[in-house]
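Quick heads-up: structures coming right below.
Two complexes come next, and they have one chain in common, subunit A, joined by subunit B in the first and subunit C in the second.
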Partner chain A sequence: MILVLGQCSDQVIGAFMHHCVKHSVDFAFVDLNQLGKSIDMDELYWFFPGQSPVSHSDITGVYNRFLDWPKQNKYQMDRLLSLFDWLDHRYENVINRPKDTMSNLSKPYQLDIASQFFSWSIPKTNIIMNTQIKIKSPFICKSISSERSIVNQVYRQEEKAFYEPALLQAYIPGLNIRVHACDDVIVAVGIQSDAVDYRYSRFENDIFMYHLPGQVEKDILALNRTLGLRFSGVDLIYHNKKYYFLEANPSPGYAYFESQLSRPYISEALVSSLSRSIH
Partner chain B sequence: MILFLTHEKDIFAKQCYLMLKYQYQVPTRWLSWQVFKKQSQCHMLGHQDIFNAILPSPQQIDVLYVNLNGINEGSKQDSDMKDQRYYLHSWLGFLMWYANQVKYCLNPLKHGVFSPGVWSKTNIRRQAHLCGLSVSEHRRKRTEVICSILGNQIITDDPSFLCTLGHERIKASFKLFHALELKFGQIFFDESGALCKLSQSIQYQISVPVIIKACQYMLSKLSYHGFQYLHVLNVSNGWTLSTTERPKIV
Partner chain C sequence: MSHKIGFEGYKHENNVGFFGKENSKDGKDGKEGKDDICPVATQVHHLIELY
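Now for the complex of A and B:
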């Protein structure tokens, strides 16, 4: 049985569970808002309302989409910490363990690690704080941490004030590529968009299957291994016959891309990885 | 250079800083979170030269002592929860990068340490068992003996307790710190030598020997192009090259 952890409002969880239902994959869903309320766990079992307890030993894999701390009292906090311990150390097969997702807390930290691979370049990136600057070549500005920021403005000649640390990164025009890598399976898509940040395009994006060079694929798998990630969504840009690495998202919202493809390649890869025991 | 990034009331760090600066006379800087967060800084990834003169580039720092307690000092209290979280994460995101640029960080800020699961009581007890330490089962507070771990040294106010612990459990304590990627911290034992709890910083029994050992440990990480700085000479009546090393020209 696959254990799915997340929140009801998460569309990715919805898409994954829909896939499981459609293909008769056995799963149980833990709504993190209900942990310590209607859903609980102990050393041996999970307890769901109106159902028989599920033994931890019956769980072949855990799909972890812990994105945000729910409001909690002391007991629920205690349950969440216990769950973290299970995810980080006790379940054999977790995509992804919380401790491995933390590289995304710092984009420059991740960029430094990614710069060790040679099939892509890293855009010129600055970290700036408490400074007023005048921009002289096209840059974008984005959050330094895993907090999402919309990147739809390209600064060209403006003055800009930086207070809290943020990234000022060279603007690279070109084709956006999202690569989902789950264990050894790679699914890459190209995104043709009119917006700088395709996630916030006013118009429909064109999404198509993209064939990556073998070395880029190899480097993405090696990067995942370095970061400890078994599933990631790597953002690349292809410009002037060169690949640029932007970031590796450890909890990728893959459903949006998959809905445009002919097959649920990514859900299939996730189910395959989570259904087999790892020893 | 040794840089301290911590909160104003970190007595251990303050004492180390003062000893390093005034007794050992090595380049040392102290920045509280409040001051650090007001510094103008510009860093370029992959380049050592930065154009802010106030702070050294991370590559110029030999040892960074960082204590994340109090990192919220000087944060924007008037903003909502979402903004506060973004603000905190921005600083953590920066520090994680910065700490991994310096040559030596106490304690290291690798990404795994940010998971609450790593610091859960259950995990610490499990790791302790795996390393060969017994864990105190007493829930009520008993007399606890505090041992400070400073790199490869263990110090306690009661030296006879180290005999109680014995070689194997001391070795296991270092192994536990290694497993948790800690260099400095404290372990609380009960009288029988079983682990009660663990702290990632030095908060109690900040004695002179603890400060001296900590300073010596930090000094051992200072490197000037292939040699290690030890201390300033108190006397100036010796020779670098003795008379016999300077033969007379005949």
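Now for the complex of A and C:
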């Protein structure tokens, strides 16, 4: 049985569970807002309302999409911390362990790791805060951390004020590529969009399967191993016959991309990885 | 018979469907992104060039 951790507001969880239902894959969903309330756990079992206890030993894998801390009292916080212990140290098969998602808190750290691979380049990157600058060439502005921000294009503004630390990257025009890598399975899509940040385009994006060079695929798998990630969503841009690395997302919202494809390649890879025992 | 524990509760909470509540298109967290960087008052001026 696959244990699915997340919150009801997460549509990616919904898409994954929908896939499991369609393909008769056993799963149990832990709504993290209910942990310590209607859902609980001890050293041997999970307890769900109206269900027989589920033994930890019956769980083949855990799909962890812990994105936000729910509101909690002390008991619920204790349960969350206990769950983290299980995820980081006790369950054998977790995608991804919380400790391995921490690289997402610092994009500069990720970029530093990614710069060690040679099949892509890193856009010229600056970190800036509490100053006003003149920008003479096209730059991309985004959050330095995991905090979601709309990626803005900053171009030839007279003066731009920055307060909180921000990442400024040289704007690279070209084809956006999203690569989902789950263990050794790679699914890459190209995204044609009218917007710099395709997540917020005014019109439907054109999404299609994209064939990456073998060395880029190898480097993405190696990058995942270096970051400790078994599942990631890597953003690349292809421009003038070169690939540029933007970032690696440890909790990728893959469902949107998959919904545009002819097969649920990524859900299939997740189920395959989470259904097998790791020893 | 397959187990789908918690699925009915999830569907009940999301009765608009899997993608009906999205603001962003990748479904990462269903939140609006920020339009700009939030200001924080401090006097430090800092510029680090990484690459």
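In this section, the second predicted complex is superposed on the first by the 275 of 279 C-alpha atoms of A that agree within 3 Å, B and C clash if a C-alpha of one lies under 4 Å from a C-alpha of the other, contacts with A are read in each partner's own complex, and residues count from 1 in each chain.
Simple rule for what comes next: a contact is a pair of C-beta atoms (placed from the backbone, for glycine too) under 8 Å apart; a residue touches a chain by one contact, two chains touch by 3 or more.
Just so it is clear, the structure is predicted and the values come from calculations on it, not from any experiment.
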Mind working out whether A:Leu81 is in touch with subunit B, subunit C, both or neither, as first, second, both or neither? first
Could you tell me if A:Leu261 is touching subunit B, subunit C, both of them or neither one (first, second, both, neither)? neither
Based on the superposed arrangement, let me know which partner A:Leu175 touches: subunit B (first), subunit C (second), both, or neither? neither
By the touch definition at the top of the document, which applies to A:Ala166: first (subunit B), second (subunit C), both, or neither? both
Which partner does A:Ile135 contact after superposing on A: first (subunit B), second (subunit C), both, neither? neither
Taking the superposition on A as described, I'd like to know which of subunit B and subunit C A:Ile122 touches: first, second, both or neither. both
Touched subunit A residues, subunit B compared with subunit C: C
Pick one for A:Lys99: touches subunit B only (first), subunit C only (second), both, or neither. first
Please work out whether A:Val30 is in contact with subunit B alone, subunit C alone, both, or neither, and reply first, second, both or neither. second
Which holds for A:Leu221: it touches subunit B only (first), subunit C only (second), both, or neither? neither
In subunit A, both subunit B and subunit C touch residues 108, 111-112, 115, 122, 124-131, 133, 143, 147, 164-166
In their complex, what parts of subunit A are in touch with subunit C? 1, 4, 8-15, 17-18, 20-21, 24-31, 39, 48, 51, 54, 67-68, 108, 111-112, 115, 122-131, 133, 141, 143, 147-150, 152, 162-166, 197-201, 205, 249, 251-253, 255-257, 259
Which residues of subunit A touch subunit B once you look at their complex with the stated criterion? 80-82, 84-89, 97-103, 105-109, 111-112, 115, 122, 124-131, 133, 143-147, 164-166, 227-228
Which positions of subunit C touch subunit A when the two form their complex? 2-7, 9-11, 13-14, 18-19, 21-22, 24-31, 33-51
Please name which positions on subunit B make contact with subunit A in the complex. 37-46, 52, 85-87, 89-97, 100-101, 111-118, 120, 122-123, 126
